[in-house]
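Each chain carries a letter (A, B, C and D) given by its place in the written order, and its residues are counted from 1.
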Amino acid sequence: MNSFGRSFRITSFGESHGPAIGVVIDGCPPGVRLSEADIQPALERRRPGKDPLSSPRKEPDRVEILSGVFEGKTTGMPIALLIRNLDARSSDYDELKDLFRPGHADYTYQAKYGIRDHRGGGRSSGRETAARVAAGAVAAIILKEAEITVSGTIEEIHGVTDPGYFAAEIEKAKAEGDSVGGIIRVTATGCPPGLGDPVFSKLDALIAGAMMGIGGVKGVSIGDGFDAARMKGSEHNDPMDRHGFRSNHAGGILGGISSGADIVVRLAVKPTASISLPQKTISRTGEEAEIRVKGRHDPCIVPRVVPVAEAMLSLVLVDALFEQEKYRRFVKE
Amino acid sequence: MNSFGRSFRITSFGESHGPAIGVVIDGCPPGVRLSEADIQPALERRRPGKDPLSSPRKEPDRVEILSGVFEGKTTGMPIALLIRNLDARSSDYDELKDLFRPGHADYTYQAKYGIRDHRGGGRSSGRETAARVAAGAVAAIILKEAEITVSGTIEEIHGVTDPGYFAAEIEKAKAEGDSVGGIIRVTATGCPPGLGDPVFSKLDALIAGAMMGIGGVKGVSIGDGFDAARMKGSEHNDPMDRHGFRSNHAGGILGGISSGADIVVRLAVKPTASISLPQKTISRTGEEAEIRVKGRHDPCIVPRVVPVAEAMLSLVLVDALFEQEKYRRFVKE
Amino acid sequence: MNSFGRSFRITSFGESHGPAIGVVIDGCPPGVRLSEADIQPALERRRPGKDPLSSPRKEPDRVEILSGVFEGKTTGMPIALLIRNLDARSSDYDELKDLFRPGHADYTYQAKYGIRDHRGGGRSSGRETAARVAAGAVAAIILKEAEITVSGTIEEIHGVTDPGYFAAEIEKAKAEGDSVGGIIRVTATGCPPGLGDPVFSKLDALIAGAMMGIGGVKGVSIGDGFDAARMKGSEHNDPMDRHGFRSNHAGGILGGISSGADIVVRLAVKPTASISLPQKTISRTGEEAEIRVKGRHDPCIVPRVVPVAEAMLSLVLVDALFEQEKYRRFVKE
Amino acid sequence: MNSFGRSFRITSFGESHGPAIGVVIDGCPPGVRLSEADIQPALERRRPGKDPLSSPRKEPDRVEILSGVFEGKTTGMPIALLIRNLDARSSDYDELKDLFRPGHADYTYQAKYGIRDHRGGGRSSGRETAARVAAGAVAAIILKEAEITVSGTIEEIHGVTDPGYFAAEIEKAKAEGDSVGGIIRVTATGCPPGLGDPVFSKLDALIAGAMMGIGGVKGVSIGDGFDAARMKGSEHNDPMDRHGFRSNHAGGILGGISSGADIVVRLAVKPTASISLPQKTISRTGEEAEIRVKGRHDPCIVPRVVPVAEAMLSLVLVDALFEQEKYRRFVKE
């Protein structure tokens, strides 16, 4: 389904080249100051067409609040946010109507639904993430009141870890008609202990699901992640003293519940599937073909995934905060 | 909450040293042959006390079917499975009543609930996974009818990749009073294309959530995982010809939907938190202390996580299969 | 939350005097022919301002499909439907900003949220039901393919059971500045046996929840309803012969599962709360006051509830049909 | 599915003549004093075999707490409650293996599942409600802390409204080999304003779904219920003065949200389907037959439905209380 969250629940809709994309936020508390101006900056960060390295599609991405806000404040009712699609050049995709682009959802959507909106990837397009970013901006306002900050950064592009060389690495791929991936770290500071539930709804389980639900993400880790598999217990366990944890190998989560330390998440983003180099593929009728993907694509989507990953972590945390509220009256210190 | 799944939904309960653990399976179709004998072997694989390297706790782990089966077949009603706890030596844990074990959920449970069953880790104990394994055994029967096979294997123990040296690595850690982690690969073969939903309920998102919900797992990846972040699109994209995909960097999932190729998942398991080496910690009242964790612990839980990871993947796949059924009548080839 | 349904799930949003109302339908199968023209007629039936007895508010209620439809067919993606509010005369409601209208949600919304969009009742307005009717129109298309028909009729207005006198009864109330209620019967014919689940998700439980969720509904019954409480088992039990059930006291549902007989539901609708006669009430600050509700109101909402009740029953049935699909492969005749 | 509730969620399992019935409660806050002795009295009230008018089946209905309680207090973990079936005389039902009892779920279960546990009605038996009553007893403890009281009473048996004649009415039906139904009123006093959500999760919608989910219930109403349909707005609207509502036609709920007045619910219970008079029916293979239902049955289940209805209302209210908690921090008075 196209909903995410339990107590702070979003439902997103829309295709890359349809009339609009949008999101309905259900569970936002009443009394929160909110206007379009609070959401627009987050959309700007994700927006295509800003620099030579991102897709040249020019979308103003103007968000409209359709409901749930009265006299500048939320009312507790569902908040519907709408973003019209304007610069959709669907004819660029005519050729792709019958050919499956390697690394894309074309083949699997066709197999599942027997029909697909091929224009710009339809619902599987990265454009859908604008809805998440808009919802994440609302979540961030609530987190701010709770003094929780979420921020993401690029750690690697195509194996390069020096930020000074990231642009060069992407330009090189672009010049080759190829693409590159990378690694993102997202951190939440200020989280109180106690967020998350045991067993299936562990905070890290919710985060992993949220992050792996972003297109192009192939791996998620918490704290030391895969490195933890190569450590000893005596190295990995975070000792405590009266000031709190003395290290943070765990990445802020123990037994699925936040510990109060920074929550540290990493995402592995694959290289953009759309490349202009020739690739072998098949058509809908099963004939072999060669494809060169046209259209307007980012040679590296990592920079644009950063705000999406921040949005998803913000959504998970607000949701966990509200779930946690239910217990607070009953916990005796 | 303590439920997992949508159309094939399990609800687990029980603590390490309480009267019993168990699970209710809701959504199992009618007419499936099922008896205790179909579930017991999976529990045997996960059971402690079998060899010198695992915890010496001796639990027979006898499962009893309480409902949902009539004359040897499922009826479509909820299937409750019960496993009594027998060999619970709670006195081993008396000392831990007031001390937080580093790397454990002790501190976070106390912070969240203000109360905790400290005996053997209570609900955060690995013992809870017996319920998942039991439910997974039922899922596996359904998968078998659909000709889907799930199997897990250890890829690394403490960085060592040669299976011949795994036992030595664990023994060494044990001798040192320390512990080690490792990496598990779980593979599903025979999955039809079309499992999973776009956007938030992507098959890989569900898998990542399921795997990260296993205690001790700090990272999850699909296909090439974190390596994909260091590849180019031309390397990572899987070309197709009329025989299907010619490689499987994607790990069997494109755009969140199964492609028909093998689903390949990796999990990073941290070293067991319980070690007998001295560690710095604090008490419930905040005083600094040194702790040496007693009780019966595995120096490496990786081997026992394998059947749990298989169970979780089986549960995700059956759930996705049933979700998929809803559409099949409508898809025109 | 503002969502309804499990496998065919709708999420509605919008206030009476905000920019728009709308609904997102999640779970519609792919390949269903759908355009605005398929939805508009249902909205016409519910629309205000058509005759002298209904509210004189003039809303064109034009629906726009924002997503989920490609080349005239659904794609399996969420279908967002938008209806702009145009004729909102919010100034009519200025007086109501601080006074609680008896029989309305004004007091309870204020108590729950501490803030409310008082204009036209905000989210508690009957206007919200246009979103349900739009979604119900999509459900009806799917039901039609399954040869299921849902239709509602008025059985009583203010105790009068002769349809020829309904209008007179409403006019009389209007002339008095008062309002009247009535009873609606909604029937589904053509339902296959097997819809609904045992215990909590009984088909009648889902229907009762759906109907009582319509504003102004104070009672719901199935089959003989409250009359059944005055019958003997020998009168109420429906005997069977080889042609099927020989009577339908049960209203088409046995043990929570459809029997194949017509599903018969009744709703008791209270008299419209907004009346122009003077009423005693209090203000937000607790002062006593007298109120005469202005604005544009129906003296009897029963006629306009009929399409809403049809929509809700259609939504429940499609949802139950899809839930049922999951089992069909496994049931051996 | 066999779960009920959102924040206080129960999952029930078990058949009339299987090994056991039970329930898992998920979402109970930590720190609540709880032992078997707190649950047993509620089970006693529902228990069969207590007087000559109820079923002579003798079940001790001893509840066992399997999890979620430590040293006499809840821990926030799932609470599993188990009740073994002891006095199951399945041979009484041998004849019913192939005959559908009129008014029962036999036919519909067979149609849906293709298999059914015919013994004593299997899962569709009233015995399942013992699980709900046990869970309701836990809910009642929480309600008590919040000073909310739920109590049910019989208003009518077979149309008779004088409680002094109820027993005679039931005895008469029994003597005739027949059965009778009745009407139950359940009231909640002490509810704070603000429980329930707008639109689909209205408090009355949740209550209606909960009550109609009890076997044998054919109608549910709130406040004046079906009588409201025959009233004028000026009669039905409850005026307010500074002491609060001056009448309670609404039954304590306005716009789907509790108003602080007593919540008043009525249920119409049909006459017991099992009667010993001969009835026309068909067999599984479609042949016509006459049936006289043997086994141990209540000629009137109304008295035993009272504690079940109380349990369901308690469950709805606790759930709504916890859902409400999420907002409280944000509501400015």
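Here is the rule we use: a residue touches a chain if its C-beta (ideal position, glycine included) is under 8 Å from a C-beta of that chain, and two chains touch if they have at least 3 such contacts.
Note that the structure is a prediction, hence the values are computed from the model and not measured.
Student: Would you mind naming the chains that touch subunit A and likewise touch subunit B?
Tutor: C, D
Student: Where the centre means the average of the CA atoms, what chain is farthest from subunit A?
Tutor: Greatest centre separation from subunit A goes to chain D.
Student: What is the distance, in whole Å, between the centres of subunit B and subunit C, each centre taken as the mean of its C-alpha atoms?
Tutor: Measuring from centre to centre gives 44 Å for this pair.
Student: Compute the distance, rounded to whole Å, between the mean C-alpha positions of subunit C and subunit D.
Tutor: Their C-alpha centroids are separated by 25 Å.
Student: As a quick test, compute the distance in whole Å between the mean CA positions of subunit A and subunit C.
Tutor: It comes to 36 Å between the two C-alpha centres.
Student: Among the residues of subunit A, which ones contact at least 2 other chains?
Tutor: 1-3, 12, 27, 30-31, 76-77, 112-115, 123, 198, 327, 331-332, in rising order.
Student: What residues of subunit A sit close enough to touch subunit B in their complex?
Tutor: Contacts found on subunit A: 1-4, 12, 100, 102-105, 107-109, 111-115, 123-124, 128, 156, 158-159, 173, 176, 178-183, 193-194, 196-202, 204-213, 215, 218-242, 246, 250-251, 253-260, 268-275, 277, 279-282, 286-288, 324, 327, 331-333.
Student: Under the touch definition given earlier, write down the residues of subunit D that touch subunit A in their complex.
Tutor: 7, 27, 29-32, 76-77, 198, 322-323, 325-332
Student: Which residues, counting only subunit B, touch subunit D once they are in their complex?
Tutor: The touching residues are 1-3, 9, 11-15, 18-22, 24, 26-27, 30-31, 64-68, 70, 73, 75-80, 82, 112-117, 122-123.
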